[in-house]
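You will see chain A twice below: alongside chain B first, and alongside chain C after that.
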Partner chain A sequence: MVNMAGFSLEFLLLVVGTIGLALFGIFFGLIYKGIDRKLSAHMQGRIGPPIRQPFRDVVKLFTKENIVPDNAIAWVFNWAPIIGLVGTISILLYLPIGSINPIANTSGDLIIVLYLLMIPSLAMVIGGFASGSIYATVGAQREMATMIAYEFPFAIIIVTIAWILKTINIEATNVFSLSFIAANPLWGNLGILGFIGFIILLLVLVIVTPAELSKIPFDSPEAETEIAGGLLAEYSGRNLGIFYLTDAVKTVVMASIIVALFFPYNISGFFGLNNIPAIAVDFVFYLIKVLFVILFSVTLIRVAIARLKIDQIVGIYWLWITLLGLVGLICIMWDYQMMLRYEFYKPIFSILGLQ
Partner chain B sequence: MSQITKTTYQLPIGPIHPALKEPVMFKFEIDGEKIIAVDVELGHVHRAIEWTGMRRNPIQIIYLAERICGICSFVHPMAYCRAVENACNIQVPERADYLRVVHGELERIASHLLWAGVAAHEIGFDTVLFLTWEMREKVLDLIEYLTGNRVTKAILMIGGVRRDIKPENIPKIKETLEYFKENYKKLSHVFLDDKTFKMRSQGCGILTYEDALRLCAVGPTTRASGVKKDVRVDQPYAAYSDLDVDYMTPDKRTGEINGDVYDRIIVRLLEVKQSIELIERAVDQMPTGDIMSEPKIPKLLNYIKKTAGEGIGRDEAPRGEVIHYIKFDGVNEQPFTWKVRASTYANILPWIPMLKGQQIADISIVAASTDPCMSCTNRVTIIDKNKKYMLDKEQLHKLSVEKTRRLMR
Partner chain C sequence: MIDTFLKSLETGSGFWNPLVLGLAIIIALLLIYIIRGFGKKDYKKGTEQTKAFLSGNPEYSKDEMHIKGKNLYWGFTQALKSVYNVLEKMHNGNTSDYVLWFVIIIGALFIIIGVI
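What follows is the complex of A and B.
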């Protein structure tokens, strides 16, 4: 009986947590979208829409007529957006938010996240192919090519982080778990070479983010002036609204991954807080971190460069970004070897007297 | 097993598509992302302007000609006025010639900046769109200050212009020109040195020198391919012969001619600079005197009505050469015929060699790179019993011969 009660409590927590996280992701995703639009507008010398504009957009889209083209495969066309949104929200279950530990916790979180991140993109590809429009088909082909292009550098980052964590903490069994990664920030354990390597990896992830989110310069799957919205060309009303929400949640997810991998620090310990105030303070700090990550990886890149062609995107990722990722990986490996062999080579934080 | 499977597919762009600012229909044969074949269809914005014009008197046509194009709202009436002046032997006062240069060049700056913004938008660089349009706003302010209107200026009259530039207006002109000189560096830096701009525009949409000659391209499109063709130099009109105009080709900046989109950007930017200098010189050298040969409109109208003759007005619009032909029979107030050939008309066929072999992603920027103006171009739509149909070359030739015979009677 006790076991049953424990199980049902856990189950209840999971259900409530999932709903909470979904609401959190949608709400803050839309807020961040609003902030992103406002900031980019100011950068372009415009006034821009009010920050609550994305909420209005969603409300409007959900009240609009939902048109399914005659030559579309209706059930695939209608289910694709929902699958995309569910896939995106489920990633949130694996991400630490502030000092709140992830609801779902396995020993292979990061690998699951890597796969789950493909679901919204795949849903868009399937929806695009199912919509029976030539523009959507071209967009879907481009989205697939982009996906293949950015997954490799992304995988390099994840493997590097897991490898270095495992070598530092030999007895650890869950190095792919995001809560473990967040609890053991790497910056302090790296020497100067590793520090540079880690910064390179951060840069790579920042460049992967706009492609993951289909933002300029990597938005060729949706290129408005080329293929009229591409994947989303035939979507309207509720379905388009769900894709809009997916995009908003995915922005938060990508930013949270960067925060969890590279900036997992919390400030509650700094103020000597605990319990509820600590969680609240860390949560606010987490929101600020996410905002900065979005500012640098989405907004700034989006206003500063032009859209690239699909062959250029694939070329850049497979050649330059992959090379950059490998350079980061090699730097961190050398760093570890140097640390083993030479007495004077110490983690940069201990030289600076931070730890 | 020797069954041939079709590997290409059809991609229609237009008549309404975000890549196009005006309706035109492209039919592409695509293999993967590569363009194999292109077909262009026109005739979606026929507005029967010539037909309307032939039922108006010559003064009314000026304002109709202004509305042929939303951007070239000075060059079209200018070409029209020069055609009438040519037909009726009207002498334009020298000061009016200089004023025409000033307004024409202001329009060129506004048009090229508008184009630059659109080009940036086509490749997804909206920041540059807003940057250039912010600058364009300054030109429009100056145009409004000088003519009273921002776009359709209503400044021309047969035999002169309607409003003078007074000495007290000159400081404002100089001030705006100074602003442009300061910002020109920023603009050319953004367009010519930016890495992503280069990635999208270099080696894309190439029009060779031979193709440009063979297909009779005009304006910046042909100059970017190295063809030295500019009405302002070849057959100087207004005050251009006094102002030392030169052909703007991309080798002036880079030393080489590729004929790609990047070169077309260079040519337009060089022309903006040239226009600034031309306005400056025109304002400085402007002689005193009348601005209209005949200020009394009814008298002018009566004179034109009594004159029989035909005339041609050729002008260098921002997009290239524009030709207006007019014929008066000496009896009716309305012209016997009025024919407009807008510059885009000559720049349609060059699209085909430009687009072949490019990617889908290049369509919008290549199509935009000739600065097309479809509503200026559309002259004919044939509709019979509510059905639209096309004419082939032989039929068209036959009709043209018939029409020429009719005009010669």
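What follows is the complex of A and C.
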């Protein structure tokens, strides 16, 4: 009976939490999209649309005709956007938001997040193939190649972080858990070499992010000027609107992953706050961190660099970014060995007098 | 009973609970389906608007416009051309060559294992 009550409470939390996170992801995703567009416009010397423009775009798309091409496989074509958005929203359940632990804290870790991140891309690929259009097919093929390319360096980052956490905390059995990673920031536990390695891994993740989000310079699957929008060429109306929302939520998801892995610090302790004020302050601080991550990994990169060809994308990720990731991994491993052998080799934070 | 049913799968390092994920997916699916329901459903079937967009080019028969699955890996084969060229030369269909490679790799493995 006790278990039944506990189960009901957990089920209720899951229902409310999923709906709340979905609305949170959509709302802030669209706001960040608006800020991104405004900032990139200013960087290019344009005024740009107002920050609320993405909300207007979605409303407009929902009032437009939802055309299903004659050549398309209608049910796959219609369901692909829904699956993509649902997959993206489900990732939010595993991510810490400020000082709030993930809702599915004990029900999944970073490995499941890595798998779930593939769902929106796969949904777009399936939707593209189901469109019955040559542009969409070419776009879908490029998205597949891009996806395979960036997964490898991304996996290196995750394995490195889990390895160093397990080495430092031998007793821990949940090193892949995002709440555990967020509760044990690595910066303070690394020596000089490890610190450099960790910065390299951050750089790798910052470069992986635009590809995850199909943003310039890794947007060859969509490439409006070349293949007329690629996988989205045949999408219109509410289906395109749902893909638009998926992109917005995925931006929040990717930025939240970078925040949880590399910048999990909160500021409520600094002000001596507790309970609800602490959660509120940490939440605002989290939103600011997400904004800065988006600014550096999406806005700046897409304004500064032109679109790459698909073979250049694969070459960059499989050769240079993977090599860079391995260099970061080796730095962190050497760092740990040196700390183990030489007593004078201390964490960089203690050298700087921060710990 | 429910606790055992809803228990997460654990490997010692990683863990996940497929049922929690499944439930979350169903809830999110219902929500998104409702949101999608606010959008316009209809369009003009059988008109020009349902034809695939080809930048004004004529649409040929499906066989002629088919893109082969081989193209899926074009980005890879092009980016890693130097590796693929070597591999293609090695893949010559001569069994004695394959046996030779087999022996060479076994020998290399023995050397590596012996040294370590």
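Convention: the second predicted complex is superposed on the first by the 352 of 355 C-alpha atoms of A that agree within 3 Å, B and C clash if a C-alpha of one lies under 4 Å from a C-alpha of the other, contacts with A are read in each partner's own complex, and residues count from 1 in each chain.
As a working rule, a residue touches a chain if its C-beta (ideal position, glycine included) is under 8 Å from a C-beta of that chain, and two chains touch if they have at least 3 such contacts.
As the structure is a computational prediction, the values presented were derived from the model and not from experiment.
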Going by the contact rule set out at the top, does A:Leu85 touch chain B (first), chain C (second), both, or neither? second
For A:Phe62 in the superposed arrangement: first (chain B), second (chain C), both or neither? second
Under the stated touch criterion, which partner chain does A:Ile134 make contact with: chain B (first), chain C (second), both, or neither? both
After lining up the shared chain so the two structures overlap, which partner does A:Leu308 touch, if you call chain B first and chain C second: first, second, both or neither? first
Mind working out whether A:Gly45 is in touch with chain B, chain C, both or neither, as first, second, both or neither? first
In the overlaid three-chain picture, which partner chain does A:Leu114 touch, first (chain B) or second (chain C), both, or neither? neither
Should A:Ala22 be classified as contacting the first partner (chain B), the second (chain C), both, or neither? second
Kindly classify A:Ile200 by the partners it touches after superposition: chain B alone (first), chain C alone (second), both, or neither? neither
Between chain B and chain C, more residues of chain A are touched by C
Examine A:Ala182 and indicate which partner it touches, taking first as chain B and second as chain C; both and neither are also allowed. neither
What is the shared patch of chain A, the residues that chain B and chain C both contact? 134-135, 138, 141, 228, 310-312
For the complex, which residues does chain A have touching chain B? 43-46, 134-135, 138, 141, 216-217, 219-220, 223-229, 303-312
Sites on chain B touched by chain A in the complex: 9-12, 17-19, 32-33, 120-128, 130-131, 134, 194-197, 199-200, 359-364
Quick check on the complex: what are the chain C residues that touch chain A? 1-3, 6, 8, 10, 12-17, 20-21, 23-25, 27-29, 31-33, 35-36, 38-44, 46, 49-55, 62, 65, 67, 71-76, 78-80
Quick check on the complex: what are the chain A residues that touch chain C? 3-4, 7, 11, 14-15, 18-19, 22, 61-71, 82, 85-87, 89-90, 93, 104, 106-109, 111-112, 131-135, 137-138, 141-142, 144-146, 148-149, 162, 166, 173-177, 228, 233-234, 237-238, 241-242, 310-315, 318-319
